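Two complexes, one shared chain (subunit A), two partners (subunit B, subunit C).
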Partner chain A sequence: MVNLTINGLDVSVEDGSTVLEAARFLGFPIPTLCHVDGLSSYGACRLCVVEIGEGPRAKLVSSCTYPAEEGLKVRTASARVIRARKMILELLLASCPQSKTIQDLAAAHDVRQQRFKQEYEDCILCGLCVRMCEEQMMAKAIGFRGRGEKRSIGTPFDIKSDVCRLCGACMYICPACQLRCTYNEPEKPICGACANLAPPCLEKDQFDDMMCYMDPCVACEIQKDK
Partner chain B sequence: MTQATTIRSEKIAAGTEEADQRDVLEILAKHGDDQGGLIAILEEIQTRYGYLSEDALRTVADRTGRSLVDIYGVATFYHSFSLEPRGKHLVSVCLGTACHVRGAPMIAEEFERQLDIEPGETTPDKEFTLQTVNCLGACALGPIVVVDGHYFSNVKPTKVAGIIARTREGMDEIEVETDERVFPLEVNCSHCNHSLMDPTLLIDGLPSIRVTISFDNQHCRFNRSCLYGSFNIISQIDIPTDTVLYFFCPHCYAELVSASNCPECGAPMVPMVVRNGGMMQVCSRRGCKSHRLDLEGVHV
Partner chain C sequence: MLKLKSLDDFRTLQDRLRTGRDPDIPTIVIPAGTCGQASGASDIIRVAKREILAKELTGKVKLRITGCHGFCQIEPSVLIEPARTVYPNVGLKEMALIVEAVAKGEVLTDLLLKDSQTGEQIEKQDDLPFFSKQVRTLLGRNEKVDPIRVYNYLEHGGYGSLVKALDKRSPAWVIEQVKSSGLRGRGGAGFPTGLKWEMLAKQPNGREKFLVCNADEGDPGAYMDRSVLEGNPHSIIEGMLIGAYGTGSKHGVIYVRNEYPLAIKHLIIALRQASELSLLGENILGTGFSFDIQIVRGAGAFVCGEETALIRSIEGKMGEPRQRPPFPIQKGIDGKPTAINNVETWANIPIIIDGEAEAFAKTGTKNNSGTKIFSLVGKIRNTGLVEVPMGITIKEIVYDIGGGPSGKAKIKAVQTGGPSGGCIPADKFDLPVDYDSLTEAGSIMGSGGMIVMDENTCMVDVAKYFMNFLKDESCGKCFTCRKGTQRMYEILDDISAGRGTPEHLDLLEELAVVVRDTTMCGLGQTAPNPVLSTLRYFRDEYLEHIENKRCPAGVCKELIHYSINENCVGCQACVKACPEGAITGEKKQPHTIDADKCIKCGACRSVCKFEAVDVT
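Let's look at the complex of A and B:
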């Protein structure tokens, strides 16, 4: 067992636990975006930042990947943490404002607007779909390609993967594009996810480079039939 | 023509798919079950064909038991791998900070205009592939352009046409004549531009070139003759023949390693800046006598 202090409360957790797990055990809320129980930790979104250490040596780390250490002093909601979290939410809003998940997170943390150049990305590279495909669906059909600003997620050679079973788990888990295959009328959703005000699937011309692994995509087929 | 390029052009001439697959299998067999060797395998396939074909990547995935996604991720991550067939000549224009402030973007634009392609593209006649790179580790010589492993230093937009013309003529043929001559050179580190000359230790009666080398977890001082074409060395430790050495600058401790490999044995080349402009490259393998000189103003 490892003993650590979170927001002044002592807690002992099993070896190999992360700071996030320890904090959740005590009931301290830490927002996460790229962390989902059942998938490995990745530390991409940085929303789960916490402050560890004391005085001038205090630093921000992502709690979902940081292992609980003996004697560690953690603050999950210090002014510095809140400031960093709000900044991350602003940046997420700047790149992917149409995501309901990000909108909800921003609203919950009192972020009303962002001050950066507005973009409309359809991927925030959180890697949830990649991990879902590999770890829960045992397929490894999609993965990261390229690097830097050209980094993207998709199948090798952008053709339908031999190992893809069209399970749709990647779209189910995606925080940015979960509405890709829902219908624009709330009473007629295809996959049961909540409806968005601007469903990308029905205005496909604007989103011609969107990554949809469903081939054929149900929503696209319906639109074609009309 | 070098051995590697001879093999490559034969393959391109043969062009049959089975022959291609056989080569890939050969490379894979050579690397065995070593799980860490993916990049080495891909590098070798890239050297053999000039690019990584879809079939080759699928074969690698099948044989190594890795998923195609992982291999594709690695192949697209590294700049030195190409998934498209490349032209016969690869033109790399450095856009690193030092080259950038000395006008490298103009050089890149001039190449784009004269070859009529964008960076990353290949001319329709499959002669030239243009790419921009972020640093070639020879900042003292900027703006720098490397064509098929040959360095062109202090390039100006007016020199671009000459570089292209010289590449079309074929650089290796002309190289042979210069290689037979023996003459002294004064060289500097390609990173910090400090002199590598050591007047305290004479080889061939002239000040020697001093660098630091490392191999097999051993490090030592290493002096070699400054005569171009002479292979006399003095090393603190005995070096077994065929060892690939790592060369370092004794001043800035940066590794002296070129983007190109030795045409004879495939080991990385070691670049050194020749005073008065130009670039000398020697093979990092002990015993390999491959060396190359690109003097400013001589070729262009």
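Let's look at the complex of A and C:
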């Protein structure tokens, strides 16, 4: 067993578990996009960042790939984490606003602006389809190609793959191409109408007396950030 | 080649080589690294050989072809030993004269380098201001050895450190020496090498261990690793052998980029020579210690210089970083413990073992011992590779060694550490060059690139250039690095085109911090450095672009206008030079530029002898 501290709570988890698993086991919400149970962790979307360490050595790491280490001090919702998540969601919205998954995440994290040039890309390169194809469908029909700007997902040389069984698992798992948001393409689309998940405590003027075990509390951090 | 069966065999050979050498025979040394060859060294070598044969000087004058000596400005150059006379920019005719003069023991004063300030002629290489302030422990050996002749390396004490380590000493002694030398990894992060080796040595027994030499040097304008590999490949091999002995590794890999064909060629030759001499392979020098090195060629991805991406590339997978921990020292190539060091780090190892750690630690400052090679390029008079003790100030490098600005414009900043580094403004030139102070100033040591910029360099344009490089070279795995670099480029492009707003600046800064915080590998974490450091020190330049839509340095094309002032004498030079036919005017009458046709290429300005073309 490994002992670590998450948001001030001492916990012990099994060897080999990730920080994300430990935090989720305790009920701390960490948003994820490129992580799905049953597939290996990849760490592409960076949405699950948490803050580890203390003082000037504190840094953000992706909780889905970072192993739970002895004595690790984790903060899942510090101001720094919230700020980074908001920016990531803003970047995601700027690239792929038609995805309901992304719109819901943005709404849940109180993203109210999108300041970049609006793009309408089909793929955010989270790699879920690649891992689905390889690890669950045992096909390995698609993979990443190129790097940087030119990175894309597809079959080698765009030739129809011999091993693809047209099972559709890649489409099933995709957060961008399924569940299209039906907005009317305004200049900078931010939706957030269908999933307003703001913590209830924020609705009240006085929430000091509320029972809250979170340290730091997501709601309080959001409040502070404003 | 003769096979060395024991340490005594080695010593006998080395003694024989040393006594067989007459140091008084004049030797013509011609540096012919890739850079030397590009500037014409191959031709002057041919002339030198022909002249020596034609004048029957064989045996009286020797010729040695070596790797790069570092002073790019004077290539192709010729160094005469033992007098150490140096001739700069030698042409074919001059080479013939030099051979003749060397045979007679004369010095051709007309051909010597003139000091740019005093106009005095300087004969000896060590008197040149470029060389006199340097401490050339690594580069100095480039002058002495012919990279494709192992006997040449042995003659100068090569592999002596390995024999010293093997002879009676224990692996623990090797690690202790490296540790107490205080050597820090020269790849950029500055992790103590001895500590890394100790961790590798402590890995459970019976596990195969790997040593890797990282020669995937990808920073624009940096080429010190190349010159060490080309000029002295045996020193890398010896360093790795010592490392293998200290850490108990059996396999070595040199990961070198395929863009360095000459380095690969010299490495292949050196590896073959070393195994033929039984300095590499099974049962080295009859001591029972075995180590083998293979070369893996990189396919040109900048990110493969990052250690986890490099490991994946060696394994034959796509070069993309992974989460650390587990660190390569625990799980590296094929899941086996791996220690990765930079070319320069490996080249330092034989020196440490040879002179013992205390001697090495004397150079440099307390936590930054030894020397470091920088490639000094940009708007500076003397460009080239400079090897200086750690802790020297930037001012000394730029003004004393580099000789100050190349043109009339004043030096404004120095960019260190390649695309992941930052810009250091001229008022901070008293900063000592070591890992910690550079990091504090918002830049990094990196592998040692140093690009000098003067007042004609626009800092927004510099940030844009590096961001353009990084958005292509980001592997694309982390969303924030891939998209973040693209968006930063987009914003910088807007600013440089006069479309910027004050909000852009805040957004840029906010984004840069998030990209630094949230990416997985060193490339992404340092990618915003060009933006952050230029914003920190040159914010007024950004504001000038945004508020006044003006580029103070006259670089950003959308914001500048070319015009002709009253200095114009009507010489028609610019009319002929203009590719667009935008300049009109009669002879001996002032000319004018048609702003609609002008493509702002700057051709008119570079041909004008009267400073009559203004850029505003």
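Everything that follows uses one rule, which is that the second predicted complex is superposed on the first by the 178 of 226 C-alpha atoms of A that agree within 3 Å, B and C clash if a C-alpha of one lies under 4 Å from a C-alpha of the other, contacts with A are read in each partner's own complex, and residues count from 1 in each chain.
Rule of thumb we're sticking to: contacts are C-beta pairs under 8 Å (C-beta built on N, C-alpha and C of every residue); 3 or more make two chains touch, one makes a residue touch a chain.
Note that the structure is a prediction, hence the values are computed from the model and not measured.
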Exercise for review: Would you sort A:60 into first (subunit B), second (subunit C), both or neither based on which partner it touches?
Suggested key: second
Exercise for review: Would you check which partner chain A:155 touches, where first means subunit B only, second means subunit C only, and both and neither mean what they say?
Suggested key: first
Check your understanding: After superposition on the shared chain, which partner residues are touched by A:104: those of subunit B (first), subunit C (second), both, or neither?
Key -> neither
Review point. Is A:141 in contact with subunit B, with subunit C, with both, or with neither (first, second, both, neither)?
Key: first
Exercise for review: For A:83, decide between first (touching subunit B), second (touching subunit C), both and neither.
Suggested key: second
Exercise for review: Counting touched residues of subunit A, say whether subunit B or subunit C comes out ahead.
Suggested key: C
Review point. Which residues would you name on subunit A as touching subunit B in one complex and subunit C in the other?
Key: 143-144, 146-147
**Study point:** Touching residues on subunit A, where the partner in the complex is subunit B
**Key:** 140-147, 155-157, 161-163
Exercise for review: Give every residue of subunit A touching subunit C within the complex, in rising order.
Suggested key: 41-46, 49, 59-62, 65-67, 69, 80, 83-84, 87-88, 91-92, 94-95, 115-117, 124-127, 143-144, 146-151
Check your understanding: In the complex formed with subunit A, which residues of subunit C make contact?
Key -> 301, 303, 318, 320, 322-323, 325-326, 471-480, 482-487, 490, 503, 507, 510-511, 514, 517-520
Practice item. Within their complex, state which residues of subunit B touch subunit A. Key: 54, 57, 67-73, 76-77
